[in-house]
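Letters are used for the chains, namely A, B and C, taken in the order the chains are written, and counting of residues starts over at 1 for each.
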Amino acid sequence: MNNVSQDHFVTADGRSIGGALMEMQNITLRFGGVVALEDISFDILEGEVRAIIGPNGAGKSSMLNVISGFYVPQEGQVLYRGSLRPAMKPFQVATQGIARTFQNIALFEGMSVLDNVMTGRITKIKSGIFSQMIWKGRAEREEIENREVVEKIIDFLEIQAIRKTPVSRLPYGLKKRVELARALAAEPSLLLLDEPMAGMNVEEKEDMSRFILDVNSEFGTTIALIEHDMSVVMDLSDRVVVMDYGKKIGDGTPDEIRNNQEVIDAYLGVSHD
Amino acid sequence: MLYREAGDFSTSYTADSQTFPIRFDRYRYYFILVVAFLVIPFFVNDYWANAILVPFLIYSIAAIGLNILTGYCGQVSLGTGGFMAVGAYSFYKLMTAFPEISIMLHVLLSGCITAAVVTLFGLPSLRIKGFYLAVATLAAQFFLVWMFNKVPWFYNYSMTGMIGSPERTVLGIVVTGPNTDAWAKYFVCLIFVTLCGIIARNLTRGSVGRKWMAIRDMDIAAEIIGVNPLKAKLSAFAVSGFFIGIAGALYFGVFLGAVEVTEAFGIEKSFMVLFMIIIGGLGSIFGSFAGAAFMVLLPVLLKNVFVGGLGWPTDLAAHLYFVIAGGLIIMFLILEPHGLAQLWRLAKEKLRLWPFPH
Amino acid sequence: MPDKFLFAMEVMLNGLMAGVLYSLVALGFVLIFKASGIFNYAQGVMALFAALTLVGIKDGQIPFAHLINAIFGTNIHHFGWHLPAFVAIIFTVIVMIGFAWLVQRFIFRHLVNQEPIILFMATIGLAYFLEGVGDLMWGSDIKKLDVGIPKGMNETIELLTYNRFGYGFFIDNLDIFATFLAVILVTVLVGFSQYTKQGRALRAVADDHQAALSVGISLGYIWVLVWSIAGVVALVAGTVWGAKSGVQFSLSLIALKALPVLMLGGFTSIPGAIVGGLIIGVGEKLFEFLVGPMIGGATENWFAYVLALVFLVFRPQGLFGERIIERV
């Protein structure tokens, strides 16, 4: 089914997509007796936008949690940049350049927007606690450097005006955007987005789609996203994985997915009839 | 123009991330420092030092310590009294074992020892969360107090089981023991308060503070964006322990001079410091000072009004203190969960616009 | 050494009896926590307050006599009556229900949807407040509480064990009485929550506040109900404890005894509270008996906590809790 070649190629809009950044091989995840993921394999290519779709409870979020190291699958392996990823804690996965957003916004409600986005830089901090106690020198320099990076992202996502606002006061749509900013602040190689447009109106969805495409084309960030809105998925993504009841039932370009009979039966057919 | 920030722009990120980005605040801070260091020492008398200023300064350090752990990192601790006892007994052992070394160094060392002990008791926080952890810290409280009571080595086998601080000098000035001048006590505590305040502020405005707050607000998300929960929590326990240890050492060595552990460092102390940070403001350095001032002044005030003013028996005033302290805690939690610090912030916001609120 | 074994047996039995009392206090915690998510630190002070009120009403003390005397320069203290125990108990129950209503109306109604830890700290404030009020109302002197609970060594048991082992066990009648009382109370409570309409509503609220509201259960009513029940449990615990060692401030410290029981048994499990209480009662008495003399004694102050702590590190969900799957 997967007929995109592993070699580098250039898409119609001029982005270059290359070898596999991440390969999931025969992943099986169980919670007690419940099988959340069953023998799932797929890959994410460097520079592409990869969508994971499927009905509620199909195991999409579990899949993302496996990628970010939050769940450890009972079987199967994860290859990152061509080599086997050993068992890791989530924070170690983050230092490898994988950042994500969450389905139910997981911002730090007690902090300002700026501080929230600055937490995205945590994996880049080198100065220790003693140096930070004194503040002068390395700690201060590092803070300023990180601040510069963060300010660029704040500009990019057009949230300058709310920089110092406590996150808890923001409306839903802006919170989603701040969460994206926090993930981008880590300058990730792989960005995981768990339903970035859930609960948004059409206008907000358009804004968010634009940001996602810009991130992909300007920074060359590889993106894997879960989304329910089919038209958005078909427009944004280079390739799509379809899941149902913890199994993979389809994998390919949006056009292929549209014409895949199994997918239509299991998922699209129901909602588009 | 009581207070303003208009026309006061940060032109660099350095300027924007300093402690007091607004010029007016900065000048007031310098003013307070000058008064505290250069004016008060010449006027302070025994009553003011012993009843108000010295306990205020010492409790401020303890409150900053607990605020880092509870207000910034979200780990509720009910073991503050026991941890202060660790600082006090470390200080006692150090100053009696190495009399030739400056006690200023001993105070810092006591802080470090307490940091180590508190970190040890912080280890369960990796598995235990919320109330379970709060209750688990009571294990530290009871065990430590019991240990200092039962192991004679800690109180140098003294007959009474109490510890008393011998006379020690710094630069020729007596700072511990019964012959200490009021201003010397005050000054020693002031030095440590200033030091702790600056350290706490530096830690909380940078990435360490952000890690703590991330853990507090949502620990799972924090771990996924790259915060090592082990390191973040234990560093909060350690820093908190350092401050609380210093507070304990000063409370015993400089303030009281002689203590009995159950009386001075019982569970009441844990609650008192917890009340300070709730009333002052969780997650605020300024709030730690405000809360400490409030809790130190409240009983003094009640005593002056009811016992001194109305001639009531002291036990009645003491009972009333419980009613008022408890009532205030509840009131603050209901009306202003961010404490005095938030009231202060709101007042500033009002003043900022004054006299043209629209 | 059979002697030592017999002693240990006796210590264990006494531990079981003490454990029953711990369970009783822990039960009050569990009830409130299950129904409202509030971890009520004031439970111990509630027991103290209930016992103080019981003594005060029974002996006809005038509430706030101290305060009134101080303000108006009067010298009043007693109404001059002595009520029978059961009348005083009924009045005390009414006071505790009134207290439950006040707490719900003036405190927790305003703290709905706050974080659990904020609620916890509010109950610490409540504990201080209530302690102060209790002292102001009834005075802080140690009082004797006599409601006709039998006291002293149970001679039947002493005789039986003496004939059997050649050594008579000392078991206090009061402890036996307390055990029966606790068994009855638990049975009634379990029956109430399983078989009555209010009980079902209570369990519904415990499961999901929102859902309970949406099917027309009044949260306010349930909370007053639960705090009243906790008040009655506190009264029972306070009465038994007060009869044992006098009504005084230290009575409120039984809350501190109940906390490790909760850690061990889990905050939401009634069987957990009972089993946890027994384990801790037996554990601390045996530890004090066997290890205490070697390390200076008075280990009861911390043993329960350390036991619970060590246990939790290996099993964070407690004895009867279910493993939690974390989600994001």
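Throughout what follows, a residue touches a chain if its C-beta (ideal position, glycine included) is under 8 Å from a C-beta of that chain, and two chains touch if they have at least 3 such contacts.
All of these numbers come straight from a predicted model, not from anything done at the bench.
With centres taken as mean C-alpha coordinates, the chain found closest to the middle of all protein C-alpha atoms is B. Of all chain pairs in this entry, the one linked by the most C-beta contacts is B-C.
The most distant chain from chain B is A, comparing centres defined as mean Cα coordinates. Separating the centre of chain A from that of chain B, both taken as means of CA atoms, is a distance of 42 Å.
Chain B and chain C, compared by their mean Cα positions, are separated by 33 Å.
Averaged Cα coordinates give chain A a centre that lies 51 Å from the centre of chain C. Looking at chain B, residues 220-221, 224 sit in touch with two or more other chains.
Annotation for chain C: residues 328 touch two or more other chains. In chain A, the residues that touch at least two other chains are 70, 102, 106.
Across the complex, chain B meets chain C through its residues 76, 124, 127-132, 134-136, 138-139, 142-143, 145-146, 149-151, 220-221, 224, 267, 271, 274-275, 278, 310, 312-313, 315-316, 319-330, 333-334, 337.
Of all residues in chain C, only 39, 66-67, 70, 107, 110-111, 114, 116-118, 120-122, 124-133, 135-136, 140, 256, 259-260, 262-263, 267, 295-299, 301-302, 305-306, 308-309, 312-313, 316, 326, 328 touch chain B in the complex they form. Taken together, the chain B residues at the contact with chain A in this complex read 12-14, 16-17, 199, 202-203, 206-208, 210-211, 213-214, 216-218, 220-229, 235, 239, 283.
Chain A makes touch with chain B in their complex at residues 68-70, 89-91, 93-95, 99-100, 102, 106-111, 115, 118-123, 125, 127, 129, 132-135, 139-140, 142-144, 146-148, 151, 182-183, 186.
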